[in-house]
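In the two complexes below, subunit A is the common chain; its partner is subunit B in one and subunit C in the other.
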Partner chain A sequence: MSRAETGPARLYHRTVVYVLFIILLLPLAGTLVYSLASSWSATILPSGFTFKWYVALWSDPRFLMAFGQSLLVCVGALILSIVLILPLLFVVHYHFPKLDALMNILILLPFAVPPVVSSVGLLQLYGSGPFAMVGTPWILIGCYFTVALPFMYRAITNNLQAINLRDLMDAAQLLGANTWQAAFLVVLPNLRKGLMVALLLSFSFLFGEFVFANLLVGTRYETLQVYLNNMRNSSGHFNSALVVSYFLFVLLLTWAANRLNKDKD
Partner chain B sequence: MSFVSVEHLQKNYASTAVFSDINCEIAKGEFVTLLGPSGCGKSTLLRCIAGLTSVNSGRILLDGHDLVPLTPQKRGIGMVFQSYALFPNMNVEQNVAFGLRMQKVNSDDSHKRVAEVLKLVELNEFANRYPHQMSGGQCQRVALARSLVTRPRLLLLDEPLSALDARIRKHLREQIRAIQRELGLTTIFVTHDQEEALTMSDRIFLMNQGRIVQSGDAETLYTAPVNVFAAGFIGNYNLLEAEDATRLMQRPINSRVAIRPEAIQLSLTGSLEGEVRSHSLLGNVIRYRVEARGVELVVDVLNRSASDLHPDGRRVTLTIEPSALCEVA
Partner chain C sequence: MNSMTRGKWLGLLCLVPFAVFFIVFQIAPLAWVAINSLHSDSGWGLDNFMTAFNSRFYRQAIQYSLEISFWSSLIGIVIAILGSYSLRKVDSRLRDFVNSFANMTSNFSGVPLAFAFIILLGFNGCLTLILKQSGIIEDFNVYSKTGLIILYTYFQIPLGVLLLYPAFDALRDDWRESAALLGASTFDFWRHIGLPVLTPALLGTFVILLANALGAYATVYALTTGNFNVLPIRIAAMVAGDITLDPNMASALAMILVGLMTIVTVAHQWLLKRSYHVSR
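Now for the complex of A and B:
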């Protein structure tokens, strides 16, 4: 502590922070303890601790399947959004900067319509006809792509505005680079931070998405949240183990991404 | 024959013309400056020469060949930007070597040439730094080194000093000029700062509203402005209407005249009487506002000693040599 704070004020500040911390962590800690308890019903403390719920969870083929399928849908949607959004952003900012204002509005549309409402629309559109995709993972990938758009677009736009795209491109071209070389050697490496933030944010959001997954695909291509919903009548300990596992996975991923992002400076 | 020549160059954005008929010639090894207020088209002209902006018609000849149909990659032109435009993901050495990498120069050669050019800008100890670890002046020197390493036929400098603070700016402008002389590099420099233009250039093109108003060396531009704009933009000329000038000089003058403030002598024994209205200290120069015969004139006097200072309200006399009057259109 470099700031010299007097006793009572410091105590007060710390208390506020800790209380907030506890409020946020308490449910999670409770879930964690519950997932480790062998049984815990009419007593203040659990009667014993065990890993059996985790063992049961991680050896359930249905869970592993749902986990993998969630991963696949999320990664698929994110790859699709990178492939489409990066060139789009590049073109908007380099060639048509005036379009940025319009894009900022368009990009928020996925949030303007509540998921339940847009699901109904999507069911109508893709339930039959040439694009009958309801019940397949493809509709989920497409739908998640639109949900990820605002995150991706905003984070990368901020990054693009910070690097002075036009001058960098001009400088690279005068030094002999063609547009592709300039984009890959100069612009893309400088977008890494924004891209990472965008991907993490979208991934954590999509990995926990339930409404679209349940309404558009349901049990035909079970994702993690749908599985959790379907298991709601089974043991609470088991479900707690699922929630904690899910949380740890996202935590681990965030940590790994931060590590990868932290070289150089 | 001139090395660079711009002929009837025309550039429009949508339906508004940035410039419609630019002509200029630049000799090999010459350092010329495009000087003008913002929006006069000087930067656009520079970008047209670089190939970063397309032109509507006209030719840009470099060493006898028309550049207009060529892409910027093929023009052999180096450019330094106001924002430095260093690649943030690369260190100094990688930044400077980028042009050589694009030309597929082998790594030994590239290493040697990068070291040479970094030494030229006195940054050879900074090869492993990243742009964000360096000051503005250092960044701009890296940018200069990066544009020199490919041995361009023509160097373009787009307000390279405008983002720097005054002290660094003065130092760097001498350094740029020294390097340019040493390499004998034909250079076009864009600025809105008259002091930079006057001190650095072999020749200055003064631009306004998409036209070259006047061209010539610093001496000519400073002492013989061709019109009101030139007189107003360079120096701190006193611009007088014909009738004011007639009254002041007490002889018929039938055009507007410009008088440099330092060409007017202030004394207590002359014939033209006036009164000091106000004064401001610019450092080595004291700038007075003196009213004489109903005309307010700016008079610059060298600040020799504090005892020479004329307080506001003092009666003084002015001496204006007839040769100090410059008729402007």
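Now for the complex of A and C:
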């Protein structure tokens, strides 16, 4: 770790960090002020402050519905991810360590293929016919699993390496546990915290996903981001309250993840 | 031994559900796009790609995508380099605070970010007004290419900081002192030691930012309601728009985008292997 500097260098570094902070803060601060302003147009400062936009937002049934549906889709996708990825990781690391190289290539796919490209194929394949899923939350859950996959895979792999999977399994089996018992009662509890962090962070970026939600489902099962986009023509203050509420919620999640992460060390 | 092989078979069985979901939601759509990009009204062949490269409209989309991605990645990475280097040099309280703040703002992209920019830099945005009244700018249009570059740059900065901050681990303080003892100036140090050591990490981060910008759809869609000509917008308009649907042409453009992304991803993997802080 670098040590703190002194003299003019110190002043320079502090200035740069503050400028960086201000750049990152500006759009958020602007939105926050706008969401609290009673009206603000063609002047530099707003004319008065109010909470009425938040009240309007949080009493809009369509908003609450979208919020709930977003929660459901994200939680569903994360449960699916765990059910699919945990056994995969366990088997790869315990039985077939060589598969890890292949997996590392496969998990690049969701990264190299932008959602807008996948959507072209998804709309055609599952738009009608025996596997018609477009317009339902199910297709979103499936797609969000692929979105979360690279991150979850990497995060859990790091954790598995840290706990020495093979030694742990051997020790458990030496003490009389079978493979299932060892996996569920010994390995899983050791992964709990790392898993929670990975889940919270995945949740925070799935919650902000817009492309799949808008192209594949749209208003037929409106998620928060789609709702936000569809409200574009309503009052800017109302939208700001929406943006701020959304960001605070995500902030809470990432904060919780950071706290958990710190506890771990 | 027998139970060992049985365990392996059971293990393979555990992989089946994963494989099914991965094929259904990742491989199959990509395969559909790849196959149908070669199919057009006149049969099988490269017709769609010829159309894409011969049409000024599609060429413009590709060009705008590349321009916006390149400039936003370049400006983004410069700010991220300066920022993350200085972050390492300030006291830990300020560092931790700004670092976690950058972490959190990396989630602030897409539709919410576009809205924030309209409020701030739209025609009646407060920043636009301040800058206009102080005479710094004549006029500003956030819905233009310049506007989009600024917007993209904003979501590149937190990602850049996130990726670059650990890269500076490779530079050890005693090197700087040793170089200074041997008579090197600050410039000499960066020219001969600092930059060469960091280059793979910097390039690696740059290509990630590039990929991030190339595939971005939500931000530009929300800002311009799909009226700005970049590749992702063109692709989406041909499968979900309300004017003309042409999934085969969309597939061809999608394959061009995937091609660009593949070059970027391969370049990144290659740079990652060469990068100093990983190889150690």
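The rule is simple: the second predicted complex is superposed on the first by the 248 of 265 C-alpha atoms of A that agree within 3 Å, B and C clash if a C-alpha of one lies under 4 Å from a C-alpha of the other, contacts with A are read in each partner's own complex, and residues count from 1 in each chain.
As a convention for this text, contacts are C-beta pairs under 8 Å (C-beta built on N, C-alpha and C of every residue); 3 or more make two chains touch, one makes a residue touch a chain.
This structure is a prediction, so every number in the text was calculated from the model and none was measured.
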Classify the contacts of A:G121 with the two partner chains as first (subunit B alone), second (subunit C alone), both, or neither. second
After lining up the shared chain so the two structures overlap, which partner does A:Y246 touch, if you call subunit B first and subunit C second: first, second, both or neither? second
Touching A:L260, do we find subunit B (first), subunit C (second), both, or neither? neither
For A:L168, select first, second, both or neither according to whether it touches subunit B, subunit C, the two together, or no partner. first
Any idea whether subunit B or subunit C touches more of subunit A? C
Which of subunit B and subunit C A:V91 touches, first, second, both or neither: second
Which partner does A:G30 reach: the first (subunit B), the second (subunit C), both, or neither? second
Considering only touches as defined above, state whether A:A177 meets subunit B (first), subunit C (second), both or neither. first
Could you give the residue numbers on subunit A that contact subunit B in one complex and subunit C in the other? none
Subunit A-facing residues of subunit C, complex: 7-8, 11-12, 14-15, 17-18, 21-22, 24-33, 36, 79, 82-83, 86-91, 94-95, 98, 100-105, 107-113, 115-120, 124-127, 129-130, 133, 154, 157-158, 161, 168, 173, 211, 214-215, 217-218, 221-222, 225, 232, 235-236, 239-240, 247, 250-251, 254, 257-258, 261-262, 264-265, 269
Which residues of subunit B touch subunit A in their complex? 50-52, 71-73, 75, 77-79, 81, 83, 85-89, 98-99, 102-103, 130, 132, 143, 146-147, 150
Taking the touch rule as given, give the residues of subunit A at its contact with subunit C in the complex, in rising order. 1-5, 9-10, 12-14, 16-17, 20-21, 23-28, 30-31, 34, 40-45, 80, 83-85, 87-88, 90-91, 94-96, 106, 108-125, 131, 142-143, 145-146, 149, 179, 204-205, 208, 210-211, 214-215, 225, 228-229, 232, 236, 239-240, 243, 246-247, 250-251, 254-255, 258
Given the complex, residues on subunit A that touch subunit B span 163-164, 167-168, 170-178, 181, 185-186, 189-190, 264-265
